[in-house]
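We call the chains A, B, C, D and E, going by the order they appear; numbering starts again at 1 in every chain.
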Amino acid sequence: MSEIRQDSTRKTVDFRGGGFAPQSRKWVGIVVFVVLIGFIELGTRTGFITNLTLPIPSDVFATFVDLWQSGLLWKHLLPSIMRLIVGASIGVSLGIGIGILIGLFSLIRAGLVPLVAAIFPIPKIALLPLFVIWFGIDETSKYALIAFGTFTPTVVATYGAVDNVDRSLIRMGQSFSLSWFSIVRKIVLPGAMPGILSGLRISLAIAIILLVAAEMLGAEFGIGAYILEAGSLYDLERLFVGVTILSILGVFVSLGIGVIEKRLLNWRV
Amino acid sequence: MDLRLEAVGHHYGDLEVLSEIDLAIPAGKIVCIVGPSGCGKSTLLRLIGGLEQPTTGQIVQIGTPPTDSINPLTYVFQDFALLPWRTVEGNISLVLEDHRMPSARVTEIIANVLARTKLTEFAKAYPKQLSGGMKQRVAIARALAVKPAILLMDEPLSALDSQTRELLMDDLVGLWTRDPFTSVYVTHNLNEAVRLGHSIVVLSRRPGRIREIVDVTIPLGERELGDPELERQQKHLWNLMRDEALAADKELLNV
Amino acid sequence: TSYAADTKINVGALRFTSHAASFVAFERGYFKDEGLDVEFKFFQAAQPMAVAVASKDVDYAVTAISGGLISLAEKGAAKVIGGALMEDPAIDGQKILVSDAAFKDGMTEPSKLDGRSFAMTQSGSSFHYMGAKIAAKEGIAVSFKPLQKVGAIIGALKSGQVDAWSIVPHIAKPLDGSGAVHIIGNVADYIPDYQVTVVFTSADKAANDRDTSLAFLRAFSKGADDFNAALVDKTAGDEAAEEMVKLVHKYVYTDRPYEKAAPSIRNGAMRISPNAALNTASVQDQLDWFKSEKLVKDSVTIDTLVDSSYAN
Amino acid sequence: MSEIRQDSTRKTVDFRGGGFAPQSRKWVGIVVFVVLIGFIELGTRTGFITNLTLPIPSDVFATFVDLWQSGLLWKHLLPSIMRLIVGASIGVSLGIGIGILIGLFSLIRAGLVPLVAAIFPIPKIALLPLFVIWFGIDETSKYALIAFGTFTPTVVATYGAVDNVDRSLIRMGQSFSLSWFSIVRKIVLPGAMPGILSGLRISLAIAIILLVAAEMLGAEFGIGAYILEAGSLYDLERLFVGVTILSILGVFVSLGIGVIEKRLLNWRV
Amino acid sequence: MDLRLEAVGHHYGDLEVLSEIDLAIPAGKIVCIVGPSGCGKSTLLRLIGGLEQPTTGQIVQIGTPPTDSINPLTYVFQDFALLPWRTVEGNISLVLEDHRMPSARVTEIIANVLARTKLTEFAKAYPKQLSGGMKQRVAIARALAVKPAILLMDEPLSALDSQTRELLMDDLVGLWTRDPFTSVYVTHNLNEAVRLGHSIVVLSRRPGRIREIVDVTIPLGERELGDPELERQQKHLWNLMRDEALAADKELLNV
């Protein structure tokens, strides 16, 4: 190995890497919330923000405590959760079923994909009058509306997920002469699971959003009904309590899917 | 069981990929197939394994596979093709489950192939925990589990780094020496070809035709890194292929 | 009457004081007396309630005459069988409101609304009808703003984005009290004997289940009589009025304490047609107006909408 | 090479591959639509489907032709498209901007991601009364509602896309001492483009869905207003005309994004 | 310009990756670094290029880079790291754009490096149209465009098939012979190391330490496939590393 000059200028190599890698700083999120709410509290109290624009956060909180202590919270929350569970279960399971059929069979794909694409941009509230005729005014119509709203995004996510299953794994299954049914059950379905779950995240957010529309249909209790009533009376405190509950519900559902993903997909890198 | 390819040709739409391939694959021997990129090696292997049907010609089995062979024509893939959601064990049991065997038998087969590929202690590991070399060992174990009459290997070592490749070549030679198997082994790597092949089939550029078949007579167990006879054969192969490899490399792909 | 013999019916209702007749009839057992086992179905808005009657999820309901109701009648799905809320010049009825900004701008009486905006929920709603009638009578032109929800209208009015609106007194009075909105007139001055809401049922029930329908109307009327006596004519005394407010509070403003709810309930007391009588002339006028606005088909006649065999 | 026995049983290799690869069969989609509409036509004409449940398709078509010939179609369609364009432009550009900031700066990410997650499940119709106060009842509030609705999904898609930009490309940029700004402009942004565009697909579908909610706020003309009026009058023919227009609009927007993707992302494999 | 590593060590959190590396990289020579998987080769190269900062020790430049060197320490990556949305030309101009050169100068540089890497006719092609070998040629052209004082190459040929690798080794040798450059060349492949390295640094398993430095004295241009002296060196390296490679392969990754 040849020798290196010792008498030359010496300088350490410049650092030019780093960055572009998000770091976790949980507390910042909390700070942002606290500052935001504090600012609104101050603004509404001093009148700098008029009471028409936003309610006073502490009043909203007091209203929430009232709602809780009166026991009405659960009376509103439980039916809504029930509607979410039943409606989303129907919509999601139908969606996954049809999505898989679309993913597996060219004929079904050709027939149904345009239909799903046509249904996707239809606003569900536009169909409310029809839902009353089709499904009545009881729970059925609320389930149906939520199911309908979750169905289309689930279908799209599912067949996308099936399409994305690594074809080399399927070819492997065929090369070992696995039956068609084994390939679907043991390779296609688990392979599509990550895509289906991340579709679920969107579907369930939509389900929560649709709660309000669903409870326009003759619901006495329910967070959506509570919000609608507050809105029609222009009662901002209650409106914000309702909206906050939905928002928290959404965050919990999202966390829940995160947990399921961790459990079910721990094989992922 | 032997295999014979008779005037096999294949098209994808208007693209002729293989043309006039006549080839015999005798039992107990490893036939290596080399050729420039895109010349149809993988296609040829898929035809042999029945994953695709040749446009012309036919591929015939001569003789019947051993009765205990569960899947006579079995693949080992370049990308391992392990199910990431199953453990090593689970990946092997996958290919046995469709055959309604007593579960004791399944356990026995799995234990046996894991021992042969020195994987016993990794039975419960998930693919993501394994290095590339270990993954390919699992794929080989899975292939052995179905007692293949013929092993079809499509660049099984190409995805591995060269040191791991060296180790796995030793493993394959060990497996063959203890219990000779029949194999069609596709590779780009001429060193692998001369180390593992009893005969080496050189294909031309697309449409792939057989240009030459080189027999290597040194017994498998005696071939070593740096053997001058092997080096000579390798150099001969490289000289045969160099220009075509260069041309294949320079080709613009239309995607 | 034995319970087993009771006819089960569903009655659609909004949690408004204007629906009090049904609540009274239920609470005081008038429905039971007629052999009706009533279950209330509550709605957030009148329109789905009308559809629910058409779909037979609800047997009887009370609502304003709207384009939707007429359209359902035209499809042979709904029939009006009686009257409910009505304007009575002697009683505080629906109010005409203007925003504070408009008020300060000089719009102190309805005649000065020329060229201004008038809020409504939707085309073909009763607000649309009222606004149009007021404008016609004053010989002025107003532009209508569809805002869908009462809450949105209140917001728009408070912030001065629409100029005028008309609404039942229990909503109008607190708004006027807050100073953000001003009452400048009474609807009754423009549409005397206005039949604001009507009792209706499915066409099938109206034609084929007369007994039940008549029983419902009888019980409903008794409830209306009690309500009128207690809170409208105030002939029953303070105690009865207090009792009536308490009864209504079981259904309306349930989440507010009684003290806060009581004034709103008293403010909301408008006359409910005695004997569920229907002011056919007013209905005819409304129907004609809807037709002239092309909101309903021309082929609709009063007989399509009203089952006159009930009109008494 | 050793000799192969000639006298043995001969049998060609069994085929066991194929399948699991969708083929395009466009006509099937058309057939499904035709059969579906034909069935409804028959059902509604014979009375097997009551006129309360569904309108007669040919009547819907006649209503559409009327709408067109009267010139009202454009009177409704143009303001809606205007609202879509302005609202979605605001929401999408803000969303992309914030999304990129979240993707690039850990602090902003920590502060804003929880906020966006909390806003996501809030149904926009619940906020209608507030929007009236905040933005009035003229076009502004409609733009704001659509902007608000498209904002959150765009943010989520954008920062996801930035996160997914191949880090090895960024490291390459750094190794050539490219400036931070060059890396963002020449590597991060183009690399995030496919993800941003596929997020746009969802955002714009949401924008169309929100048209109805937006036009609840004092809109005289507009497809959403048309649908709402038809719904309140229980005029099924017009309701279906409106819904069909939205659905077609959705399909066109989706095709449009497809074209943009082809243009902009022709470098993709 | 020479480089000197002085007692360089590196940790990722609690994981010690490199320890006590002392190494001189003399101008005009190719230093190959080999070692088992995960021993810290890529980390070492990132430290040398200033993409990461060593936990202990320091890396010093001795002497100044030539004045016309635009980017003295320049990488060639295993995965090519081409921007798929830019043409071959565009990928090269990318690294020149930040330096405010007259555009004629940019065009000239691009034409020059494309000619040197025999890519002139592919100037307008997109990466997706190129084979792996061509992509790596583009990456090399890009690296040459900034006139590096030292080329840092991280397994530049590992993603290529062995025939293409052979062709590119010839190209690299050709480039060096015509115009000797300084390079640190990380690889798994011992054959590459003996074909391209003036000295070969063998690292131990993680934490990587220098086990041995092997000098290869045959001039680069005269080294050939199958040269017995090279075969001997390669075998020696393999014997040094075999056990560690095996152990590295068997390691369970915790992901």
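The criterion applied here is as follows: a contact is a pair of C-beta atoms (placed from the backbone, for glycine too) under 8 Å apart; a residue touches a chain by one contact, two chains touch by 3 or more.
Every value quoted in this text rests on a predicted model; they were computed, and no experiment measured them.
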Original post:
Which is the least count of steps on a path of touching chains running from chain A to chain B?
Top reply: 1
Subject >> Topological distance between chain C and chain E, in contact steps >> reply: 2
Subject >> Of all other chains, the one whose Cα centre sits farthest from chain B >> reply: C
Original post:
What is the distance, in whole Å, between the centres of chain D and chain E, each centre taken as the mean of its C-alpha atoms?
Top reply: 46
Original post:
Taking each chain's centre as the mean position of its Cα atoms, how many Å separate chain A from chain E?
Top reply: 46
Original post:
Taking each chain's centre as the mean position of its Cα atoms, how many Å separate chain A from chain D?
Top reply: 16
Subject >> Length of the line joining the C-alpha centres of chain A and chain C, rounded to whole Å >> reply: 40
**OP:** Return the residues of chain D touching two or more other chains; collapse runs of consecutive numbers into ranges.
**Re:** 16-17, 52, 128-130, 133, 171, 174-175, 177, 228, 231, 234, 269
Original post:
What parts of chain B, by residue number, touch at least two of the other chains?
Top reply: 49, 51, 73, 128, 255
Original post:
Which residue numbers or ranges of chain C touch two or more of the other chains?
Top reply: 47, 51, 54-55, 149, 151-152, 154-155, 158-159
Subject >> Complete list of chain pairs which touch one another >> reply: A-B, A-C, A-D, A-E, B-D, B-E, C-D, D-E
**OP:** Using the touch rule from the top, collect the residues of chain E that touch chain A in their complex.
**Re:** 2-4, 24, 26, 29, 46, 48-53, 58-64, 73, 198-199, 213, 215, 255
Subject >> Residues of chain B defined as touching chain A within the complex >> reply: 49, 51, 71, 73-75, 77, 79, 81, 83-86, 94-95, 97-98, 126-128, 146, 152
Subject >> Interfacial residue positions of chain C with respect to chain A in the complex >> reply: 12, 41-45, 47-49, 51-52, 54-55, 57-58, 149-152, 154-155, 158-159, 255
Subject >> Contact footprint of chain C on chain A as seen in their complex >> reply: 52, 70, 72, 128-129, 132-133, 136-138, 215-220, 225, 228-234
Subject >> Of all residues in chain B, those that touch chain E in their complex >> reply: 36-37, 122, 125, 128-131, 133-134, 158, 161-164, 166-167, 188-192, 225-226, 228, 231-232, 234-235, 238, 241-242, 245-246, 248-255
